[in-house]
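Working notes, beginning with the structure itself.
Naming follows writing order (A, B, C and D), and every chain is counted from residue 1.
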Amino acid sequence: MASISTRIGNFTLENPVILASGILDETSGSILRSLKSGAGAAVTKSIGTEERRGYQTPVISEISTGLLNAVGLSNPGIDNFVEEYKGFPEKKRTIVSIFGGNTEEFVALAKRVEGAKFDKVELNLSCPHVRGVGSEVGQDLDMVEEIIAEIKGGTNLQVWAKLTPNVTDVVALAKAAEKADAYVLINTVRAIGVEIYSRKFALANIVGGYSGPGIKPVALRAVYDVYKETRKDIVGVGGITTWEDAIEFFLLGAKAVQVGTALLYEDYPIYSRINLGIANYLESEKFAKLGDIVGVMV
Amino acid sequence: MEHSRVIDMVKENKDVFTLKFDSTLTARPGQFLMIWVPGGREIPMSLSNLSSPPSITFRTFGETTKTLSQLKIGDRFYFRGPYGNSYPVPSGKVAYVAGGTGLASLNSMILTYSGDVFVGARTKEDLFLLGDGYHIATDDGSLGFKGTVIDMFAPHVNEYDYVFVCGPEPMVKALLDRVKGNARSKIYISLERLMKCGVGICDSCSINGFRVCKDGTIFSMEEVLRMTEFGVYKRTESGKIEFFTNGKR
Amino acid sequence: MASISTRIGNFTLENPVILASGILDETSGSILRSLKSGAGAAVTKSIGTEERRGYQTPVISEISTGLLNAVGLSNPGIDNFVEEYKGFPEKKRTIVSIFGGNTEEFVALAKRVEGAKFDKVELNLSCPHVRGVGSEVGQDLDMVEEIIAEIKGGTNLQVWAKLTPNVTDVVALAKAAEKADAYVLINTVRAIGVEIYSRKFALANIVGGYSGPGIKPVALRAVYDVYKETRKDIVGVGGITTWEDAIEFFLLGAKAVQVGTALLYEDYPIYSRINLGIANYLESEKFAKLGDIVGVMV
Amino acid sequence: MEHSRVIDMVKENKDVFTLKFDSTLTARPGQFLMIWVPGGREIPMSLSNLSSPPSITFRTFGETTKTLSQLKIGDRFYFRGPYGNSYPVPSGKVAYVAGGTGLASLNSMILTYSGDVFVGARTKEDLFLLGDGYHIATDDGSLGFKGTVIDMFAPHVNEYDYVFVCGPEPMVKALLDRVKGNARSKIYISLERLMKCGVGICDSCSINGFRVCKDGTIFSMEEVLRMTEFGVYKRTESGKIEFFTNGKR
């Protein structure tokens, strides 16, 4: 059997399929369920400094090509998070996603994560911040660079930088984030949904994040562009639903993938389905291991 | 999101309403919808009647249910679903145990499979959707048994082959604590938790990794007994743990 | 019957459904066919200074959520274009799309278009240019502003500015283009397609433009953002396939819509289908005319 | 994009090949595929045999067809389609008129509905897929009638109820010029134009607003006669008009 294990930095994963942040990972019980169902690793819902209720419902809207969501970064805050995960048995396979409005918040959160005995963080660089109205932290190249430098300097955490696709130049963004151990590409695409009879927005927050099959071509482009330019470790995410989708990301340079919205269509069996499909593909295409197809098209 | 029209609005008691709407949806007993009041929130609601026409029955807790209750015949009604699993098909002697608006969820079962119905409410005025021969319990004794529906029902549990339960989590917890897994009857419980997505991806309704919206809402007693969080704490909208006030399990 | 006529600047259209640039509009015969089939107007394929063969095939790739294309701006060049359209009977209902790599090219093309007795141009601001490697003309705010100012100053043409969604801030782009008579939102989204058995790109040019249902939520967001900020005339485009899609764009501020990829699914009957659907919606929702729903949600 | 494997490659003559591939596609006579050689171009090709196994028959014009001809048994074969309409079902006396690789497109019809086959080529060496009793014309007279297939066929057109034609545009034009719409037979013509998309959206194959790939490839003679551009000019890859060298219509 061809090996499907993979490595992100010095982190070895038994298989390359990871639960994406924000989907079925608000509770530690669900994280464990994904890990038991065959996920190679799992990312928590993004955690901030303070408790947040998030936006009022509707927070999701299913459309023919995927999903719109504006959950609004609801999270219990870092204190409650640390409390809940005190005896958590799978800290090595769990990457803690954090978000903040400025460098100080990110750094403080990262230190708390390390203090709670996790060793990996994913930086959700797609939340609104104050410097530029309407812009995201992750669109501010200087801030991205600073956040990563300070976390790398101030902790021993492995740092994954999750980049937003809502920019003119994702490669420039990646370069600003190059001190990270890995890139996670991509977060949701900004979008809107409309209900024509009520003439109201499909999401309470009006603007939401677009995920699922409809954004896969955009995610592939981001992975390709960034891999070609940087050759760094990349975790591909965006619309991955089948093992064929996962292969596409590997061929363009991703060493692992995350699945989010696809859980809506495939539910927990998705991990073993994708893993089996990857193994069969490697077998039948005569590759000995996953690493042999990573980036071969670039 | 689908939309249809309000066909009828029945006031069941001082704050409970049944809203019938024009739709050809097909659902199984125990399933729920995510109901949307445009401009307002989207909330989960059990189908109290499955078809011709389908209906929901709700208590006006807060803003959204209040707005719902003010809809007029002909007004548009928005929903997605039905979601969730359904009650299994019973055989032998059947009991239904409902607390609060839990009767709404059980109602479509009751209409399909006959059985003894045990209903609890705070007072007489809180009752609704009652049928002939229902066993009533009120906290204040204003009608029927004085005490909780669990106090009334628990002694009889072993008389039944199938028991279907729907009500507030502390009520269900009280039943489980009494039965302690030793009942000879098959007990199925429809759970209620805060729900944001209704389709099993947001995790806001999860109890020990079981999603109430997708793995449930209906679980066997054995499953519920494995939920160490059940009856102990729930989650707020932020995902924060909040203990039930009646203490730890 | 509710009126579905609309106005973009001083141009009155009998109905608001326009053929988008690049789809079935390389030949004057096909433009006429769309107009006869019920299109309110039609935009030509983008015309440049010189003849271009475009990229080699494959130039399109159908995916589950839409279409990827990299036709490569094949066009006969302005000289041959002017020659072909000499006796063309529908110049008022035909908007000539032009593209260039710099201001001079755009202005020269616009003058030729005016000389050929057309009175409207659409500026395709999404082609690669030299100043910034890998960037598009339409991402360079100064150049966009200059191109439009010079065309407005040097001709009497009505100018439609077709903006790219491949930017961090589409509102800033719209503001740079504010001297235009109308905005056309959006052009295709940059994307990639992969074929996993050959391990080759689905398009000869590797990177292509993503269109069809999958980009509709992105287009709606762009229309909403720009309308909210500018209140100018907007032509919505991106994934419109049904009359319901068109209504969504009107509610967010579009006064007309363009259809491209949907011709693949619905073919020429699309115009009358969408027009009929819009009229029925206005009727049943008790609006007297299309204008009554334009922008009502914003 | 589908993919299958090459089952067989038959060399029909010095530069014509038939490639059989493993696929369960279902197509009607006259339909075509867009064939892709990964890393190379995608080109339109008629199905010369519809199934069990399907095949294409092509002349090695340039790079892509040459690469195709070099595929080995077991190699992967990529395509999308089938696209285009198909030849109508004939009745009465049937004639097939083929020029160049046009015989590939007609072949599946010939195999299904018997009729008289008229084939033209430059020389004897250019012929392929021949069957018993085919009427052959060669420009150089190296086999059969000396002259074009139109010269050979035109005098007989009114002997047929249905005539199916496929060949280079100037050849078809020559036939139409001779018949001038006065034939008693129903004449259907499969056209060939540069094709980029194959699915009716790029406009590169259009003649007076008729898309060869989607409205065709098969048109009735009456339709073709309404195409004022037909036989007069075609389009290059840029969309530029290029007149046929044998003059204006």
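Details
The working rule: a residue touches a chain if its C-beta (ideal position, glycine included) is under 8 Å from a C-beta of that chain, and two chains touch if they have at least 3 such contacts.
Keep in mind it's a predicted model, so treat the numbers as computed, not measured.
Between chain B and chain C, the least number of touching-chain steps is 2. In whole angstrom, the spacing between the mean C-alpha positions of chain A and chain B is 36. Centres computed as Cα averages put chain A at a distance of 51 Å from chain D.
Inter-chain centre distance (chain B to chain D, centres taken as mean C-alpha positions): 67 Å.
Look at where the CA atoms of chain A average out and do the same for chain C: the two points lie 33 Å apart. For chain D, residues touching at least two other chains: there are none. Residue positions 197, 199-200 of chain C each touch two or more of the other chains.
Because contacts link the chains only in sequence, without closing, their graph is best described as a line. All chain pairs that count as touching, in label order, are A-B, A-C, C-D.
By the touch criterion given at the top, residues 63-66, 68, 134-135, 139, 166-169, 171, 189-194, 196-197, 199-201, 206-207, 210, 213-218, 220-221, 224, 244, 247-248, 251-252, 281, 285, 293, 296-297 of chain A touch chain C in their complex. Here chain A touches chain B in the complex through residues 23-27, 29-30, 32-33, 45, 51-54, 56-62, 71, 74-77, 80, 83-84, 195, 197-200, 202, 204, 260-261, 263-264, 267, going by the rule given at the top. Touching chain C in their complex are the following residues of chain D: 1, 3, 34, 36, 38-39, 41-43, 76, 78, 80, 196-197, 199-204, 206-211, 214, 229, 235-241.
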